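Following are the structures in question.
Below are two complexes that have subunit A in common, paired first with subunit B and then with subunit C.
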Partner chain A sequence: MRLCVLGAGAVGSAVVELAAEHGHVVTAFADSESAVVDADGIDADAVLAKKQEDGVVGEADPEAVFDADYDVLVEATPTTLGDAEPGFSHVERALADDRDVVLANKGPVAERYADVRALEAESEGTVRFGATVGGALPILSTIEDVGPSRVSAVYGVLNGTANFVLSRMAAEGLDYEHVLAEAQDLGVAEADPTFDVDGTDTALKGVIVANVLSEGETEFTLDDADVEGIQELSGSMLDLAQEDGQTIRLIVEVADGAVRVGPRLVPGHGAVAPSGTENAVQIEADYCGRLGITGQGAGGPETASAVLTDVERLAD
Partner chain B sequence: MSEVHNDVQAYTLRLELVDEPGELLRSLQPIADHGGNLLSIFHERGNVTPRGYIPVEVDIEATPDRFDNIVEGLSDAGINVIQAGTERYSERLTIILSGHLIETDLSDTLTQIEATRNATVTDISLSAPAGSIDVSSARFQLAAESGSTEKVLAAMREIADEKDLQLVEPLTVGGRA
Partner chain C sequence: MRLCVLGAGAVGSAVVELAAEHGHVVTAFADSESAVVDADGIDADAVLAKKQEDGVVGEADPEAVFDADYDVLVEATPTTLGDAEPGFSHVERALADDRDVVLANKGPVAERYADVRALEAESEGTVRFGATVGGALPILSTIEDVGPSRVSAVYGVLNGTANFVLSRMAAEGLDYEHVLAEAQDLGVAEADPTFDVDGTDTALKGVIVANVLSEGETEFTLDDADVEGIQELSGSMLDLAQEDGQTIRLIVEVADGAVRVGPRLVPGHGAVAPSGTENAVQIEADYCGRLGITGQGAGGPETASAVLTDVERLAD
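Take a look at the complex of A and B:
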């Protein structure tokens, strides 16, 4: 497939780097200020080096990518709330041209799911977004395979940063501020980890799951989620939990048409208490009971691999 | 810092008493004698069974061994035990509350939980690192009526909200209390 990759951050760059391995060609690539277009495929190494050195991917205007020859638009620009721009307009333009879209960006399917589906219905193109929930973990594809109508609940840990902070607090008996600073030093938490620790990122993923489960009956956005973060937790609360064989994790629960995110008491070594930056999700479905998926969720290459898996599915 | 009596459970006893003065007190004696901890008594004076007895519901806490002795003691004392068991409070759940627990009157918080009548507190473990003036946390073990977990949690949210306490709920989705 010929890919047009929007966003040259951790995810977009990794997609460009790994595309060839998966048998795809990147014909267009843009960041916020520049673009490079080549119908024969861009030189991934050279372009990524240029981005590193000069901060741009090429000399062309970002707009140029939409005139390029491509089959699938890969959207990896920043996730934004509300209107989900610029991601949403990128999706709109690709679908208007009857191209397929693969999202890493959560915004369009968390904040404007119905709009995206309506545009898709008018288009020859298809939208896939497996990478938006749990990065490399096959969470949405498992729901798709089981059948959304057969799934009664999805719950677990979907943010590696929050999970890292809570597992360190539990293991070391340290307070939140201390562990967060350490996580930032280690590069586990970003400079501004607000959305990770206040539950917003987890909630966006829960909302996407809720949208998939409702199969168009009800649209969910962040406003429909009940969200609480982990900023107020203290080391002594984790101690109290541990004395009882439990621990506290930032859990999203999607069930009965509701999305709730907040710190929850869970069994200390249970299915939804993964270690470090891992994610862990339980899917409850007819016939299969409780399905568990645990592993390394986010990260540039991890998320890029999920994007390329979606591209693969479009090719089939 | 924690007070663990893990094997203590909450039980409900349904008794039928003869309508005579002193009967209620007499029925409580075997509970005390065998080390049961009385949680509540529900005594409907106006209500009489077809056979002329007064139904009384008694919630107690005891270890399973002691509970057996209590039931035996009641029967020995000639008191009608209609139902004895854990049916009423069959669901256990743990919550953590944090904030100005002491300042906002811990015992009032307990009374409020008990007042929901759907749950009873079976264990409390308090952690107050910087003394009682500062923020402290407590783990509560609750025994809830079967099927009422959601109701109990809703009541807990209200209490936490009103007292400006942080509540950490147990994961209950998928029927796991």
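Take a look at the complex of A and C:
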């Protein structure tokens, strides 16, 4: 497939780097300020080196990518809330041209799911977004395979940064501020970790799951989620939990038409108490029982891998 | 899709029971001695009741099913070793008639993988077998999505009966014979649990995974697996493991072109130490890291659910 990749952060860059190995060609690639277009396929190494050195991917205007020859738009620009722009407009333009879309950007399917589905219904193109929930973890694909109507609940840990902080607080008996600084030093937490620790990132993923489960009956956005973060937790609360064989994790629960996110007491070695930056999700479905899925839910190559799985499913 | 279901054990019966809910019609259903065929769809409740009361599913000859109108043959007869008959011949006949095949029976893809693929190559039909490894656990589908060539190792627990026995031995300090008798009383172990406890069942699943990973380069059969069972383990060995925070599980490891099955020391609360009858598998893949999948890997409804997922993928 010929890919048009929007966004030159960790995920977009990794898609460009790994596309050829998966048998695909990147014909257009843009960051917010520049673009490179080549119908024969861009030179991934050269372009990624240029991005590192000059801060831009090419000399063309970002608008140029929409006129390129491509089959699938890979939307990997940063997630934005509310109107989900500019990601939403990118999706809109690709679908208007009857192209397929693969999202790494959570915004369009978390904040404007019904709009995306409406545009898709009028297009020859299809939208896939497996990478938006847990990166390479096969969460949405498993829900798709089992059948959304048979899934009664999805819950667990979907943010590696928050999980790292809680794991370290529990292991070392340190306070939140202390561990967060350490996480930032290690590159596990971003300079502004707000969305990771206040539950927003987790909630967006829960909202996407809720939209999939509802199959168009009800639309969920971030406003519909009940969200609490981990900023107020103290090391002593984790100590107390541990005395009882338990621990605290930032848990999202999607069930009964509701999305709830917050710190929860969970069994210390249980299915939703991963350590470090791991994610761990349980899917409860009729006939299947409880399916557990764990792994690194974020990261450039991991998420790019999920994007390329979606591209592959479109190719089939 | 119109299904022809062979085998009236727990899985075949559950497929017949759940097909309608998944939007499919069973037009033929056979056990080893009888069959029922109805182009408009058999009456599932009546047929399953008849099986319970009279021990047969209908009055027709089992051969009659191959003349029925159907799109997908669901092969759910018992797994057999060596020539994998009669399952293999059922697959052969369906493919010769250009029908699709979904296997719950491990035999054909564990013992005669190359033959199955060769027949498939000459047919309009496609063979799927997601249910053969871990029932409803999305193991083969995840390998398919990630791409077999990018998977470097698959390992973990794939037999719930052996895992139940080891879990109980560890928890109660009891010996193998004692716990096995208990498992049989509970219906967790069959009257003849040989294939579960001697590692054969686990190895067959490992062989299927190895066949998928090798993508036709090397064919694996049970003879290629290095297999050791759990019959010789004593309660005191488990006690010893526990002193060290470890436990013993019957682990299959598929890596570097080899399939190995045997009791292994693993971390007591680790990713491949599920409790009770659960399965737990880790898939190591380039870019994705280590993906963990847990759940009930056997059972009629669970496995039937996996069969119907495969049917759904064929319908797509």
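Note that the second predicted complex is superposed on the first by the 316 of 316 C-alpha atoms of A that agree within 3 Å, B and C clash if a C-alpha of one lies under 4 Å from a C-alpha of the other, contacts with A are read in each partner's own complex, and residues count from 1 in each chain.
The rule is short, and it goes like this: a residue touches a chain if its C-beta (ideal position, glycine included) is under 8 Å from a C-beta of that chain, and two chains touch if they have at least 3 such contacts.
This one's a predicted model, so the numbers in the text were calculated from it and none came from an experiment.
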Looking at the superposed three-chain arrangement on subunit A, would you call subunit B and subunit C a clash or a fit? fit
Partner chain in contact with A:V272 - subunit B first, subunit C second, else both or neither: first
For A:A304, select first, second, both or neither according to whether it touches subunit B, subunit C, the two together, or no partner. second
Who does A:T142 touch here: subunit B (first), subunit C (second), both, or neither? second
So, A:R290: does it touch subunit B (first), subunit C (second), both, or neither? both
Go through the superposed model and pick first if A:G41 touches only subunit B, second if only subunit C, both, or neither. neither
Under the stated touch criterion, which partner chain does A:P263 make contact with: subunit B (first), subunit C (second), both, or neither? first
Which chain, subunit B or subunit C, is in touch with more residues of subunit A? C
Look at A:M237 in the shared chain and tell me whether it touches subunit B only, subunit C only, both, or neither; answer first, second, both or neither. first
Classify the contacts of A:R313 with the two partner chains as first (subunit B alone), second (subunit C alone), both, or neither. second
Looking at A:I248, would you say it contacts subunit B, subunit C, both, or neither? Reply first, second, both or neither. first
Closest CA approach of subunit B to subunit C after superposing, in angstrom, is 15
Using the superposition described at the top, list the residues of subunit A that contact subunit B and also contact subunit C. 290
The answer for subunit A against subunit B in the complex is residues 152-153, 155, 232-234, 236-237, 239-241, 243-244, 246, 248, 251, 253, 255, 262-266, 272, 282, 284, 290
Given the complex, residues on subunit C that touch subunit A span 14, 18, 22, 136-138, 141-142, 145-147, 269, 271, 280, 285-296, 299, 301-302, 304-306, 309, 312-313
Of all residues in subunit B, those that touch subunit A in their complex: 2, 94-96, 98, 125, 127, 129, 135-139, 141, 166, 168-171, 173-174
